[in-house]
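Listed next: structures, encoded as structure tokens.
Two complexes are shown next, each including chain A; its partner changes from chain B in the first to chain C in the second.
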Partner chain A sequence: MAAISKYLSIIRTSLQEYFIYRLNFALWRVRAVMQLLILYFLWLTAYGGLNNLFGYSASQMLTYILGISLIRSYVLAARLSEGVGAQIITGDISNMLIKPISYIRYIFSRDFSDKFINIFFSSIELIVIMVVLKPPLIFQSNPLLLIGTVIFILVGLTLYFLLNFSLSLSAFWLHGDDWWAPRFIFGIIVDFLAGGLFPIDVLPEAVRQVVMLTPFPYLLFFPMKVYLGQAQTSYILMGFLISGFWIFGLFLFQRWLWQQGLKSYVAAGS
Partner chain B sequence: MLPMHTIQVNRLRKYYKVHQKEPGLSGSIKSLFHRKYYDVKAVDNISFEIGEGELVGFIGPNGAGKTTTLKCLSGLLYPTGGLVNVLGYVPYERKHPYLKQIALVMGQKNQLWWDLPAIETFILNREIYEVPRPQYEKTLAELTEMLDVKDILKVQVRKLSLGQRMKMELIAALIHSPKVLFLDEPTIGLDVVMQKKMRDFIREYNQSHKATIILTSHYMDDVKELCKRVIVIDKGRLIFDGQLDEIIRKFADHKLITVVFSKKVPEEKLKKIGTVKEYDFPKAVISVKRSAASLAAAELLQNFPVADLNIEESQIEDIIREVFTGENIA
Partner chain C sequence: MLLPEVKMKDFKKYLKVWWLMVGGAIALAFNSRIGAGMFLTGKVARFLLFFYFLYLLVSHTQTLAGYQVNQIIFFFLTFNLIDVGAQCLFRGVYVFRSLVISGQFDFDLIKPIRPLFRALAGRIDILDFMTLVPLLVLTIWLLPSVSGGSLVNSVVYWLLVVNGLVIALAFHVFALALGIVTLEIDHVVWIYRDLTSMGKIPVDVYKEPVRSLLTNIIPVGIMMTIPAKSLMGLTSAGIIVFSFGVGLVSVWLSLKYWRYALTKYSSASS
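Then we have the complex of A and B:
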């Protein structure tokens, strides 16, 4: 039990950090809402009078866009683990390494606080948007699909954490500001391939098939696809297998990276 | 089997690979494609042992390997070679029972949460180190009392002065009552008064908790006041390990004669007696060989208009500097 209270304590302390700078906090939420509204109106305009675009009806697409924005706050909210690379380069990670605590769990706890805040506020914002704009949304009532959605959100969350953490560990072998470059590319890839801007099946078939073999669509696109009831059982099972394979592989990979990284860690700074 | 000593270091080596860049833009472009690496021997074959409750000073110039040694001892770095054993553990395995018994304070790296009051870091550390609450309350009360920081516990860390912050860093590091304490430049950047307070605290803590402490510092005063035993490291090698006053006997083959003259004396004449380190009438400081000190004093008294004369050992700072630079202070 003591072990759990360690990590709860980290979450509590991390949460406190959020509320210190009020302006920063408010603007961050404004940005999140603007981002959502831009996407929403972009797609609304794209439909014009059309019933169907890329196999999505207007209500399906709008549900997709709003749903993704919510899932985003579960899966991609990981502001704190994004700093791991910088901590390694500057040597600030030293302070955690000499504490009786698992570093990966420490970081996960930090991320958890980020997710908590994100989920809390984006839920409120979404409700406000729904009340004000009254978009034609699809509400899934099939309990199996709802459970499937939750499972794939958890899969996406785990996958993103492992991807993010592994990427950050590359900083053990990089110098100075180099740690930032892979993260930048990663951000673009995630935006593009995870389905945050558009559903993956908008892409040409051949491209789509390749993309579905990567871990990215399982971050955002897949849970929403399951929610909308557009995925057949075989498709869902295939997704489960591929994402499971990635989770397993990335788990082993980050562990290996961590061990190797510590051996070459130089604990910069005095 | 428990080791005889709290800290045992045997032939410790730590080499870093560093890449070398030729100067200028063309060198920069070349280094994009091809990098020359070479080993920097940060620590090279160092051995020593430290017993329980000892307070040992590590001294050496910048880049001597002091900090690297501390990092190896605290488990941050994998040694390139050699054996390190602290409290019966191999530090780099970073086993939790080991980490619970040590603390590393780095004068230039903060562990305090910058945007929160220091008390939040203490509470977090209480959880991380699994310190029982009554013990935590007691330790915190004791430390805040010793360091006189009771009224600033709830102030955001970023608003504290450097000295206040350093005190808080110490509390954060000591909240789990570590048996072994590594202090890396704990007084860096502090003013003289605050340095003294820090030293008093470290001494008191060492005595009251029987904690084993290794201290590195640029300030000789820290070491002079706190440590009976010093380990001198230069260019990754251990060049002295023993009592502080032994350094003087071992390395100082000169004494300083301070003379106050009643009449002006040409400097040329003084140079015949020894090396004139300083001459600002009426005071002169002359460095002479240890064995010739009394003779030189006698000559001064006989042949010069002397108002006052004093023979003393070289300053420890000078001796250390001489050892490091390899130059003769005389």
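Then we have the complex of A and C:
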């Protein structure tokens, strides 16, 4: 119980941090809304008089775009753990290593507060957008599909945490500002291959099959695919197997990286 | 005024200083070849992936807001020319806040070159410059297919691209001045970047009131959309004249604000 209260305190203090830098947070959300509007209008205009595009009706696609923005605010909100690389480079991580807490759980708790506050505000933004723009949305009523969506959101959340953390650990072997470069590429890959810009089905069949073997579509695309009722049982099972494989593999990989990184860490800072 | 007062002798001096800064930027960027390689790969990948997405989308729909696939690609190229050009030339804005709060800006004020020149163009992103070259080649290659062979339209297009860069310059000067007065600059620049990113596609794609906002209030349409539309012969002479007017007025206002901001600089540091 004492162990849990430690991490609850971390979540609490991380939330308080947000309200100290209110302008920072407000501008971050403004940027998220702008990015959503670009996609929304692009897809809305693309449909024009068309009933179906890439196997999606206009209402399915707009539900996908708005749904993705909500899932993104939960799965990809991890700004606090993105600082792990900087902590390693500057040597600040030494302060954390000597404390009686698990560093990985500390980071997860920080991420949790980020996700909590982002989903709260993005839900409000989405409601405002729905009221103002009145998009033709699909509201799923099948409880099994809703449960499946929630399960795959949790899968995406776990996958992103493991990917993000593993990537941050590359700072153990990089120097100066170089630690940011893999993150830059990672952000671009996630934007395109996770389905944040378009559903993965839009891609040609051969490319799609390859992409579905990577962990990225299970971050955003797959939960929405399940929500829209477009995934057959066999497709869902296959998705579960592939994402499960990646979670298991990345879990082992980040543990190995962490141990190897600590061995090479000299606490010299940059 | 910054520009009219610059004589030929001064121009050579500033060009020489700028060239020295380019040399420094190259040395700094390639200090770490791994980091530079990864950043360059990321920038190219981001461009190519969005390019592919637009191509895939519009080749399926045949048109987007009445534009054909090569026209939509051309809008995207024009956006990139202006965006990457501004990123490459006006990079100093990203480090200006730290100069002001540390008081180091004092050293720029006492040097025999204009502080605005140093603050604005003091850092050149050489990686952006490297991506600018193929972008220019691609634009020139695609230009005849959308201009219909009109030389006048082509000349007006390049003048409007320069005008777009002038508006970008005005915004960056305004952001620097705001940085002196309020110390808030980073978010202003990021909001600007998100707003201008709405110009990746023609502003005609957006519905009202977003379209009017992007054309009349925030001149994203004038910066990014009008140049390509003029090349396609889709704008009136009045709008072209108005665009140049917006460019001149915005740069005049931003310089006035910069001069006002300098009187507020306290050199106190934090």
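The rule we apply is simple: the second predicted complex is superposed on the first by the 268 of 270 C-alpha atoms of A that agree within 3 Å, B and C clash if a C-alpha of one lies under 4 Å from a C-alpha of the other, contacts with A are read in each partner's own complex, and residues count from 1 in each chain.
We adopt the following convention: a residue touches a chain if its C-beta (ideal position, glycine included) is under 8 Å from a C-beta of that chain, and two chains touch if they have at least 3 such contacts.
What you see is a predicted model; the values in this text were computed from it and never measured.
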item	value
First (chain B), second (chain C), both or neither touched by A:Leu97	first
Touching partner for A:Leu154 - first (chain B), second (chain C), both, neither	neither
Partner chain(s) touched by A:Leu241 [first = chain B, second = chain C, both, neither]	neither
First (chain B), second (chain C), both or neither touched by A:Leu213	neither
Touch count on chain A, higher of chain B and chain C	C
Chain B versus chain C as contact partner of A:Ile127, first or second or both or neither	neither
Touched partner set for A:Leu137, first chain B, second chain C, both or neither	neither
Set of chain A residues, in rising order, touched by both chain B and chain C	none
For the chain A and chain B complex, residues of the former touching the latter	2, 5-6, 8-10, 13, 16-17, 20-21, 91-92, 94-95, 97-101, 262-263, 265-267, 269-270
Of all residues in chain C, those that touch chain A in their complex	31-32, 34-35, 38-39, 41-42, 45-46, 49-50, 53, 56-58, 60-61, 63-65, 184, 187, 190-191, 194-195, 197-198, 200-201, 205-207, 210
Of chain B, residues touching chain A in the complex	16, 67, 71, 74-78, 92, 94, 96-97, 99-100, 102-104, 106-111, 113, 115-116, 120-121, 123-125, 127-130, 156, 184-185
Chain A residues touching chain C - in the complex, by the definition given at the top	23-24, 27, 30-31, 34-35, 37-38, 41-42, 44-48, 50, 53-54, 174-178, 180-182, 184-185, 188-189, 191-192, 197-198, 202-203
